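Take a look at the structure set out below.
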Amino acid sequence: MKLKIIVPITSDEFNEEVKREIKHYVDPDDYVDVENLDYGPASIECEYDEAMAVPDILNKVKKAQEEGFEGIVIDCFGDPGVHAARELVDIPVCGGFEPPMQIVLGLGQNIGVITVLPNVVPMLHDLVAKMGIEKRVKSIRYVNIPVLDLGDKQKLEDALFKESLEAIQKENVHVIVLGCTGMMGVARNLMNRLKEKGYDVPVIDPAFAAVRMVKTYVRMGLKHSRLTYMIPPVKLYTWWEK
Amino acid sequence: MKLKIIVPITSDEFNEEVKREIKHYVDPDDYVDVENLDYGPASIECEYDEAMAVPDILNKVKKAQEEGFEGIVIDCFGDPGVHAARELVDIPVCGGFEPPMQIVLGLGQNIGVITVLPNVVPMLHDLVAKMGIEKRVKSIRYVNIPVLDLGDKQKLEDALFKESLEAIQKENVHVIVLGCTGMMGVARNLMNRLKEKGYDVPVIDPAFAAVRMVKTYVRMGLKHSRLTYMIPPVKLYTWWEK
Amino acid sequence: MKLKIIVPITSDEFNEEVKREIKHYVDPDDYVDVENLDYGPASIECEYDEAMAVPDILNKVKKAQEEGFEGIVIDCFGDPGVHAARELVDIPVCGGFEPPMQIVLGLGQNIGVITVLPNVVPMLHDLVAKMGIEKRVKSIRYVNIPVLDLGDKQKLEDALFKESLEAIQKENVHVIVLGCTGMMGVARNLMNRLKEKGYDVPVIDPAFAAVRMVKTYVRMGLKHSRLTYMIPPVKLYTWWEK
Amino acid sequence: MKLKIIVPITSDEFNEEVKREIKHYVDPDDYVDVENLDYGPASIECEYDEAMAVPDILNKVKKAQEEGFEGIVIDCFGDPGVHAARELVDIPVCGGFEPPMQIVLGLGQNIGVITVLPNVVPMLHDLVAKMGIEKRVKSIRYVNIPVLDLGDKQKLEDALFKESLEAIQKENVHVIVLGCTGMMGVARNLMNRLKEKGYDVPVIDPAFAAVRMVKTYVRMGLKHSRLTYMIPPVKLYTWWEK
Amino acid sequence: MKLKIIVPITSDEFNEEVKREIKHYVDPDDYVDVENLDYGPASIECEYDEAMAVPDILNKVKKAQEEGFEGIVIDCFGDPGVHAARELVDIPVCGGFEPPMQIVLGLGQNIGVITVLPNVVPMLHDLVAKMGIEKRVKSIRYVNIPVLDLGDKQKLEDALFKESLEAIQKENVHVIVLGCTGMMGVARNLMNRLKEKGYDVPVIDPAFAAVRMVKTYVRMGLKHSRLTYMIPPVKLYTWWEK
Amino acid sequence: MKLKIIVPITSDEFNEEVKREIKHYVDPDDYVDVENLDYGPASIECEYDEAMAVPDILNKVKKAQEEGFEGIVIDCFGDPGVHAARELVDIPVCGGFEPPMQIVLGLGQNIGVITVLPNVVPMLHDLVAKMGIEKRVKSIRYVNIPVLDLGDKQKLEDALFKESLEAIQKENVHVIVLGCTGMMGVARNLMNRLKEKGYDVPVIDPAFAAVRMVKTYVRMGLKHSRLTYMIPPVKLYTWWEK
């Protein structure tokens, strides 16, 4: 299976780690290409950043289909440009939000999300409302660490552990979704630490979930409905010099 | 009051009509400036179009605040870029969706929206879900006329009349919201034709509603909450040649 | 514009203050008449009080239309008699609840209301449910000050400040609606004190909102739907000696 | 058990029939008193009528407690004054809406209500929203017969049969609630006619349900919570000459 | 009236107490038969226990109809087998969950449930969701006492009192439902202790509620809808040696 | 990966077909075992059937874990015993309902389910409510073919095509979920026929979805939360002779 992973930021800070991690998510005969944006924000931490990332994401999405990729992951928990991307192409496209939420719906009753900064919490509530699963999501918390500082894994894991405990103990959360695709490589440790504390709960890595979900769509021969994601009417677009 | 109206498309087809109509929406001592996009789609008829419109909308929004405007209307029913715009500036910003929906909540129990094309219906359902008013919106219909063909007022009005009747008679709708800011100058006629038919129901023009709502915010000394619309973290943005 | 403000209590304690405040809400060429009830409760602090206020409110509503008023505000946060009033007349009628809730829907995601006494909290939850916006209202609190003691502005403002802070910090509220139309003249100070504390959030004065919303309806040529608020069937009414 | 039935209209048209019917609802050792209003509307067919009925209902409610009644039924499907009545007294009070809806929740998944006139449909939707059972109520229809014409039982039953069939066949309704307490003596026939047609569904008579529910409260030693229905604060009430 | 009470466990620990208590729930001319399971779990404290109880419950249900009983109570708060039982018979069947929830909907706005163990809390949330009353249920707590230890009434009552206070004070609960039919004989004491503490709130005993609700159905001549609870298609069942 | 498929009926009619189909769902190195029930109903077509199937399902579930299987599919759209099974074991367990619903949430806005008989429709509505996705499911229809007659593939496909068209055209459905795991081998044909008709929408085969979802859990190292699905308390169970 030939998969394209779009890391929708101009910073290349995560590239090597993403490539390394992705290997654990895919199967031996998968071909995976990881690509950054040429135009857009260094990281996505608010709706303004997301808006500035989307045009080049959509360029990359169109190109991926032309180049014969069978599925696309837009590797960001805010699902930037996912709806528009599905309008543009006939291959499955997943962002980082929908897939972990889909997967977690079968693992426990009360969902808790832990993201990076307070700035994105209202946007995540909007995504939950659009997905129509408000009744299942009991908590959206944040570790207050900017995206580009997520490299300090110990600090990240400790902060996630603290917030997970609060979510479980104070907000009756039964399952944890990591709320940023930059939170790579910590889910398993976090799950173990929570289990030692007496809480045997799943912790979902959103990038892992996104890759597996897009692979599931390809494997099942499914793509998005053209009644929800209709083909854009033809028209003139004016754009900056390229 | 100094107001900026951003018509978020590159086509200038609507400019004269918007300027003429806006005069009826504002008060004698208001100063209003109407501005098109330099970069983006000719019209907005899907999420892809919207995504391509937002970056230049946000440029115009920032400029409007710098130039001393007191309120901004992004004149499109899809509320493109509204959330991001509110992150960027400290003056009220309204799109074309939220204001008519706010106003209509006080006029009747069951709301019907009539928009242009089927392509935007799922997006409008998402906006309804994000606004949290699903229980009030009973119908989202379309006249199947592209945005740039809305100039044929008689055809538009007849199609809206037909869909309004169906919404009222078959879906128990009590109030009608016109679902495109390009549907200017037909609300009153439509309201009269429905009344003659025995249905004394309000019909809301979204651009009129947007202008009055932004004026209400300015008049009351209110702007959006900085807990919902936080200031974007400072970072590097890479963009096309300008 | 000729507006009638009905203060739906028999006490005249608020009359002078209402008249003074209203001047700030309206425009230079508006004519505003403020009127108390002849029959009913001294103040409205429960559903029994409201029930006893409604018959004379409806008398005043009918008279206002006959006397050529163009819009009516029933100046109480419980919206007493608003539905029945709209059945009776063909001019816009607003209470004190719907308008601030409509306005605040465009200013922030999570709404908090702060009212006078615990007695009215269940009634406010019912109004939220009827309006269909439960998903947006996160907190309904009270300052525990009876309506007729609201004259001590410093005490009121301090109590509102305390409850606002708790609503923001403990219940994740992003916008504050004052939950009694007797809480006049404190919204701006409260907003400033919250901003100094680091919370740049709007605070909505319900009477101000009600006056601006009824003016918006008149300005836009809109009134309530006759499919929601049908004309009462003709019949015999028996009443006490007048 | 000593029960008071308040027929909340000034017309005495239903008195004999109510007294006759009530005998089938109660037990041999119950004492039941049926009482009309002295002041108010001849019938209740809109929110204005309801507003005009409530003050004298509340007089009768207070008197009933003073006279030693153990439970009160306000015999109207709109539950007029029920919330205020519960504030006033310490004995169970039921209207005609809540009890049949409570009972029907245990009999079938999808509830259909059939009332008298279109005027009350929005009010019934509000009652459903306040009760928080929107997910269960799939249909609110009307036979278009004024309350004071309900005496023609054959006409009523035929109209109810027709609407019940439509509710079942077109709106997937599984249980029928008669939406006016004036629809006495037809539930059983209607149930039989539907069963002959192949639909073995319960039909609930609201007055019967109200009497049995208030008796259940008395029998179980229960009354309404004083945290929802608080005692009204003491104050001055001014009223018309009596 | 001839009623069957099925205590859906193989332990006979509760039999005498149930028989004694039931006498207070029924009327002088009622005939009541109490019966245990022959096959199943000693007590029901999770979904596995419930699954193992249901087949013999359904045997007893069928037998009860054959023996001429007019109504059946499956005396467990988890409503085990209630849906299937209604498919099987044409007489009213109530479990321990639906009836107290139906009754409490008319007594206060915010419902709190207090059950035995954390194991059953997710199942109770599912029952609330299936009943469609999520908006009314604000709290589901537990006393952490196994079913077969409920005999220590003082310990039970003290634990219920503590949890009730927390539910009222911290979660704004207005009415209490005891969440296990084994919590017999404590509702009245608990209600008195809460009242002494200043909280005049109803406390509902689920077994009492179940018996009164099934009696109400019989008294009103009602049974469940055959459109929700259809007759099972005929087929072969293979079962263990009997 | 070593997977157990439990076909939760005593009929062996589907065994060969299931084994044949499953091969297309799994990967080359998967080991799959398909097993029928020894005790229970010949097919599952109502809640009674489901109740009678669950005890032996749970036996098979425990045995599968003991025998080293890594994941279990209970191959029925009603998810019989899934909650109880998760209490019993520490390996992922999926029924036929949750997985296709999880998958379809990422493919289109409005979901339609088409099942076998009207008898199971209320149960499916309950499953939707428990899953908390009512807002996404717009239609639950049936082909009116008993489970054991599903072998006539042409009849089944034609009936599914007809119902799919109605769901799309009349109920605005965007994606189709086949509502019985016995509807094997028709999804792709149905999808093609709908596409030829102009509706490019996904059709989900629930057994395929279940197998892929359980494989996803195993692949991601996830199992259900022990806060939702707690370990059953130890106790005595009495059962029929084995």
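Letters are used for the chains, namely A, B, C, D, E and F, taken in the order the chains are written, and counting of residues starts over at 1 for each.
We adopt the following convention: contacts are C-beta pairs under 8 Å (C-beta built on N, C-alpha and C of every residue); 3 or more make two chains touch, one makes a residue touch a chain.
Here the structure is a predicted model, which means the values were calculated and not measured.
J.: So which chains count as neighbours of both chain D and chain F?
T.: Per touch definition, common to chain D and chain F: B, E.
J.: Which chains, if any, touch chain E and chain F both?
T.: A, D
J.: Suppose you list every residue number at the chain A-chain F interface; are over half of them used by both chains (same) or under half (different)?
T.: Here the answer is same, because the shared fraction of interface numbers exceeds one half.
J.: Taking contacts as defined above, which has more of them, A-B or C-E?
T.: A-B
J.: Compared with chain C, which chain's mean CA position is the farthest off?
T.: F
J.: What whole-Å value do you get for the distance between chain A and chain E if each is reduced to the mean of its CA atoms?
T.: 44
J.: Could you state the distance in Å from the CA-based centre of chain C to that of chain D?
T.: So the centre of chain C lies 30 Å away from the centre of chain D.
J.: Which parts of chain B, given as residue numbers and ranges, touch two or more other chains?
T.: Within chain B, residues 109, 122, 129, 132, 134-135, 174, 228-229 contact more than one other chain.
J.: According to the definition already given, which pairs of chains are in contact?
T.: A-B, A-C, A-E, A-F, B-C, B-D, B-F, C-D, C-E, D-E, D-F, E-F
J.: What residues of chain A sit close enough to touch chain C in their complex?
T.: Listed in rising order, the residues are 122, 125, 129, 134.
J.: Looking at the complex, which residues from chain B come into contact with chain A?
T.: Interface residues on the chain B side: 10-11, 37-43, 45-52, 54-55, 58, 81, 83-84, 87-88, 117-119, 122-123, 126, 129-130, 132, 146, 148, 228-230, 232-233, 235-242.
J.: Give every residue of chain E touching chain C within the complex, in rising order.
T.: 109, 135, 174
J.: Write out the stretch or stretches of chain B touching chain C in their complex.
T.: Listed in rising order, the residues of chain B that touch chain C are 27, 94, 98-99, 101-103, 105-110, 131-136, 168, 173-175, 188, 199-202, 204-205, 208-209, 212-213, 216-217, 219-229.
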